[in-house]
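You will see chain A twice below: alongside chain B first, and alongside chain C after that.
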Partner chain A sequence: MSDLKSLIKEKLNDGADAFLCLKEEEGTLLPALITDADSPDLELAAVGEARYPLGKILIDLLREYPDKRFAVLVRGCDERALIELSKLEQVDLDRLVMVGVACTEEEARACGCPRPYPSEVALGEKVEAAPGRETIAEVESLSDAERLRWWKEEFSRCIKCYGCRNICPMCFCKDCALENPHLVEPGVIPPEFPSFHVIRALDMAGRCIDCGLCEEACPADIPLRSLYRRMQEIMEEKLGYRAGESAEEKSPLSFLGSEQDIKKLERE
Partner chain B sequence: MAEESAARKDDDIRILAFLCNWCSYAGADLAGVSRLQYPAKVLDVRVMCTGTISPYFVIKAFQEGMDGVLIAGCHIGDCHYLKGNYMTAKRFQVLRETLKFLGLEEGRLRLEWVSAAEGEKYAEVIRSFTEEIEKLGPSPLRKKKAEVGA
Partner chain C sequence: MADNGKKLDYRLVPSTCVYCGTGCGVLLEVTDGRVTGTLPQKDHPVSRGALCIKGWAAHEFVHSDKRLTRPMVRVDGKLVETDWDTALQTVAEGLSRAAKEHGPEAVGFFASARCTNEENYLLQKLARAAVRTNNVDHCARLCHASTVAGLAMSFGSGAMTNSIGELEDAEVILVVGSNTTEQHPIIGEKILAAARKGAKLIVIDPRSIHLSDFAQIYLRPRPGSDVAFINGLANVIVSEGLEDRDFIAARTEGFEEFRKAVAEYTPERVEELSGIPAADLAAAARLYAAAERASIVYCMGITQHTTGTDNVLALANLAMLTGNIGKPCAGVNPLRGQNNVQGACDMGGLPNVYPGYQRVNDEETAAKFEAAWGVEGLPRQPGLTVVEMTDLAAEGELRALFIMGENPMVSDPDINHVRQALQKLDFLAVADIMDNETLEYAHVVLPAASFAEKDGTFTNTERRVQRIRKAVEPVGEARADWEIVCGIAKKMGAAGFDFSSPEEIFEEIRKVTPSYAGMSYARLGTRGLQWPCPAEDHPGTPILHTESFPIGKGKFTALEFREPAETPDEEYPLVLTTGRLLFHYHTGTMTRRSPSLVREIDRAFVEVNPADAAELGIRDGERVKVSSRRGSVEVDAKVTERVGKGVIFMPFHFAEAAANLLTNPALDPVAKIPELKTCAARIEK
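Presenting the complex of A and B:
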């Protein structure tokens, strides 16, 4: 175990052209790109308690500097996001060095993370966590009509701020279906049910890596994470796929597959 | 369109059917030329392949007040585009479970494989699907009159 500053120096010496992490400035966490060991940002670099989808910045950085290598500070969720993004051709893992941070027990519990550590931990101690499924179980125990009423009520608080989409590490499309006036009528608040939220939920199938940033960002406290977590379960139950687990296996919704797969699906 | 909706009674059900150009649409056509009887509560949309049907379209159909949505395409292995309907089969599973989790009755969405030779099967699918939707009644996602501003 070493501290963040020496890790940054080490990675910059080892061939990374820049280190993407967070810095703490006047009590606020901000993303920072450290390109040399003399940078004043190095002194401010911090793991911090807050989470930040650094992957979103990384997508742009990798594209803008196609011949540079980057090191990046990742928590468990960031790593899952980067793995999934690489399969969606958004990041190039060969040009990335991930420096893993394990979340503290307190953080892991507060966030309800399924795996609060990356595959290689350079900072912090691994702790296990047991993600809660209470909300999903509660919703599932209701009848169809009650369930619909429950979701309608939750979604009726939506102010259509797009915070869930903007914070989502897996959202990168230039043309967003949520801004398509044929699918979601502009200027209607709360957005019509089911279009807005169900479109987002469907897009999360095979993509959501369960970081929970959407729910954290939501100003209306809509239980988005439970919805997307259920999408993850559906993908696993029906198509046997879990996002962010393996760098090779692609989401079944991203390729056609074989006849055997489909016949198997139909028999179930 | 306005007149048509005025003529439509509130509790009349309406079904949207996405039919693939190469199999199910031809199947529906065969049902027609064979003069098979089936309920006329279905609006059909011809698509080149069921694989082109985005789940968004289904969501939109329910939002616009459809009581049931049927997707019909070529049998697995018979797709005109070889594997287009594989995608449909996978998406359908995810879509159905999602709608179920949100509280829409499972029966309102159906996937059927109907070939160009299966006019009788098409008529039977429409008969049984219409019956099922009639049992379920109007969709809970239908907009109330007041919301539409009628």
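Presenting the complex of A and C:
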């Protein structure tokens, strides 16, 4: 198994214009874009424990630098995000090289990750972990009225920071329904229940890759992931689709595509 | 769409949020030389990877077209662009002339709670060492002057006694005069986290705020009745024998006098004075006193009164009475408003103290600074406060004023009076990042660099000194305030302003400021250090007063309730109280240029209780005129139960309907803080 620094050098030699990973600087871990083998950042490059939305960063980088090719260090969740983003036509996988890192057992357990490794692992050892379903099971055991009350209480702490959306690698729309004054009254906290959170949950259907960054960014510790995970389960049960699994199969809820495809769908 | 071989430039730069005093860790995203985004710093000791909406939008104003980009001087009544050399020379001459012709006391300086420690340090050094005046003050006067004064009297140190993270493990949290989830959102969420872990919340506020929904006990007092109800809480604790006698005996003095004073404040009498039901007040007192770890959190609802210092002293009394000082998850915790209001005070941006709260009228201290700065004859008399400088400018006694990063034409009470004062000045120079209302009266305007365009440090509300880092070049010709101050000083011929970086300035700061002595940029890193940090091997101090107080024993103060300066009458039958909203900051120069924040709300309003609205025939959303003895503004009425009957509330962010045209500049006699939280008003259709 090779180490991260050699992998970065290798990819930069093999035609990638830059390598997106994390670095450890002044005692903190943060994303870094390394553009050449002489960069001082190379010595600071690290796998680390903190996670940042690298997929989201790549959407912008690929757009800002349309002639460049990128390599990126991916965990299982990052890979799922990039695969789904490519199907949503937000990233071009042909201009991307993914270098896989497997999460440690401790990380996988802390995240309750269903698949804590990418399809090809260059760093680390694959481990398995069970997705945490405790909250979902607890909520599912409630009656409809109780469940509504339960969620209402959880969401009552929301201060409308939009952190769940802002950090989400799968949220890229220029016009966000959460900011539509006809759907959600602006300027008040907690934001309208349930519209604000239902809009976001529905947008996650067929899209959420279960990375858990939303929960990490939530100042109110709202169990958002349990809501989106339930959406994921429904998608899987009813439509047999899991976001980020295969690069070919499109989401059944995806309306993005050529105009012809959309017209064809309308005819059918 | 080829990028023509555009060089890849994408970086993340660790910094500190520029809005409130929580001091959350941010990473500024830089793409191609521009700040394009903000991410939370995942492992930050305060914010731990979360931000509020303002934090997420911290970059949005940086490249606004309202940024000032060229120096300007007033010629024939109009501001015209000029070069830096001319602008700095004009400022130096304007200040020097006033000092020469009318004496140094005719010159004043407004420091800034938005600027770095390094910049505030230099500004007070300019005032004291170059002009020889102690007339240096800043907007802390308008927010927590009463905290600085009050807590210094009770404990010997006017700062938050405990740390933000400790709130999560408190048993009881008494939140009074702080709309925490809106004004310090990340701290507000720590209070809610404590509640989820079983902590009991007591919320006391004239408005029923977001936090009230989670409170075990919510009390709605009449605005300005604070001393009455806090004395009332103490009365119940003493009369039921719930006080901490060991702590009182070992750590405090003045208890007897205090006990006698609060004996008069029975819950029944307090009900008459404050409107809080006697039984509810007693229940709150019992809940607070019974906890092993009870924390008091307060903000401007306590401080912005003519009794502000008394209000703070009363809270300090309450904490000492129950032994809730000097231990984890307890204490008296003022939440400082601006990102660096703590630091601007620490740096001596106050008329009576040098950096580190060393008194200007102490001979030994003055001699120490004369030696350190290589000057003689530093003034021994404390200078003027912000509000006094405004008054004396209006009277023609203060002739020249330098304002660094403040907008008194929106932020200060009684704006009409502020306008008269600024118009009367012989010379006004303003350094700011944005076009704003105050520039209209400036003779020189200096474009300043924003937090994303310079290095330096901010000190958050829990005394944590944290770095900001230059992420991009300043817009246009803008320069960092520390460079501006050095430039003016050199034009005035003053020595001691040869700095080539903020780090060099910080090195001088730690030499003259004992509580910062152990800090360096390298040690601050991305987590900062909490003062006092007296030596390089000292880990910083999360909790103050664990063994003793800086003044030896804690001092109880016997306090009597006084009515606010203005109470409702026939002509002005309502009480107007003012404050901020989650989505904006102060005068809006930054937040109202941030699309994500403007989208939430961009219009002034007045909250009116449904009973008052019915009496006045006002419907929700209707345009109304709000008036006080000082002026009137037109705003939309918001009919809501959030305010009690007889009370109206207005946010003060909106210059076009400025709440501060109405507010009362009456001052607290000790701290000279104006009574922004209560005045008499009326509403008409």
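Definition applied: the second predicted complex is superposed on the first by the 254 of 268 C-alpha atoms of A that agree within 3 Å, B and C clash if a C-alpha of one lies under 4 Å from a C-alpha of the other, contacts with A are read in each partner's own complex, and residues count from 1 in each chain.
We take it that a contact is a pair of C-beta atoms (placed from the backbone, for glycine too) under 8 Å apart; a residue touches a chain by one contact, two chains touch by 3 or more.
Note that the structure is predicted; figures quoted are calculated from it, not measured.
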item	value
Superposed partners chain B and chain C on chain A - clash or fit	fit
Touching partner for A:150 - first (chain B), second (chain C), both, neither	first
Contacts of A:51 with chain B and chain C, given as first, second, both or neither	second
First, second, both or neither for A:221, with chain B first and chain C second	second
Centroid geometry (CA): angle chain B/chain A/chain C, rounded to a multiple of 10 degrees	90
Touching partner for A:240 - first (chain B), second (chain C), both, neither	neither
Which of chain B and chain C A:132 touches, first, second, both or neither	neither
Minimal inter-chain CA distance - chain C and chain B, angstrom	7
Of all residues in chain C, those that touch chain A in their complex	1-6, 8, 10-12, 14, 25, 27, 29, 31-32, 36, 39-44, 47, 49-53, 55-56, 181-182, 185-186, 188-189, 192-193, 196, 210, 213-214, 525-527, 581-583, 596, 599-601
Chain A contact footprint on chain B (complex, rising order)	55-56, 59-60, 62-63, 76-77, 83-84, 86-87, 89-91, 93-95, 97-105, 140-141
Chain A - residues contacting chain C, complex	17-18, 25-33, 35, 50-53, 57, 60-61, 64-68, 156-157, 159-163, 166-167, 179, 186-187, 189-190, 216-221
Contact footprint of chain B on chain A as seen in their complex	139-140, 142, 144-151, 177, 182-183, 192-195, 198-199, 201-202, 205, 227, 230-231, 234-235, 237-239, 252-253, 256-257, 259, 261-263, 265-266
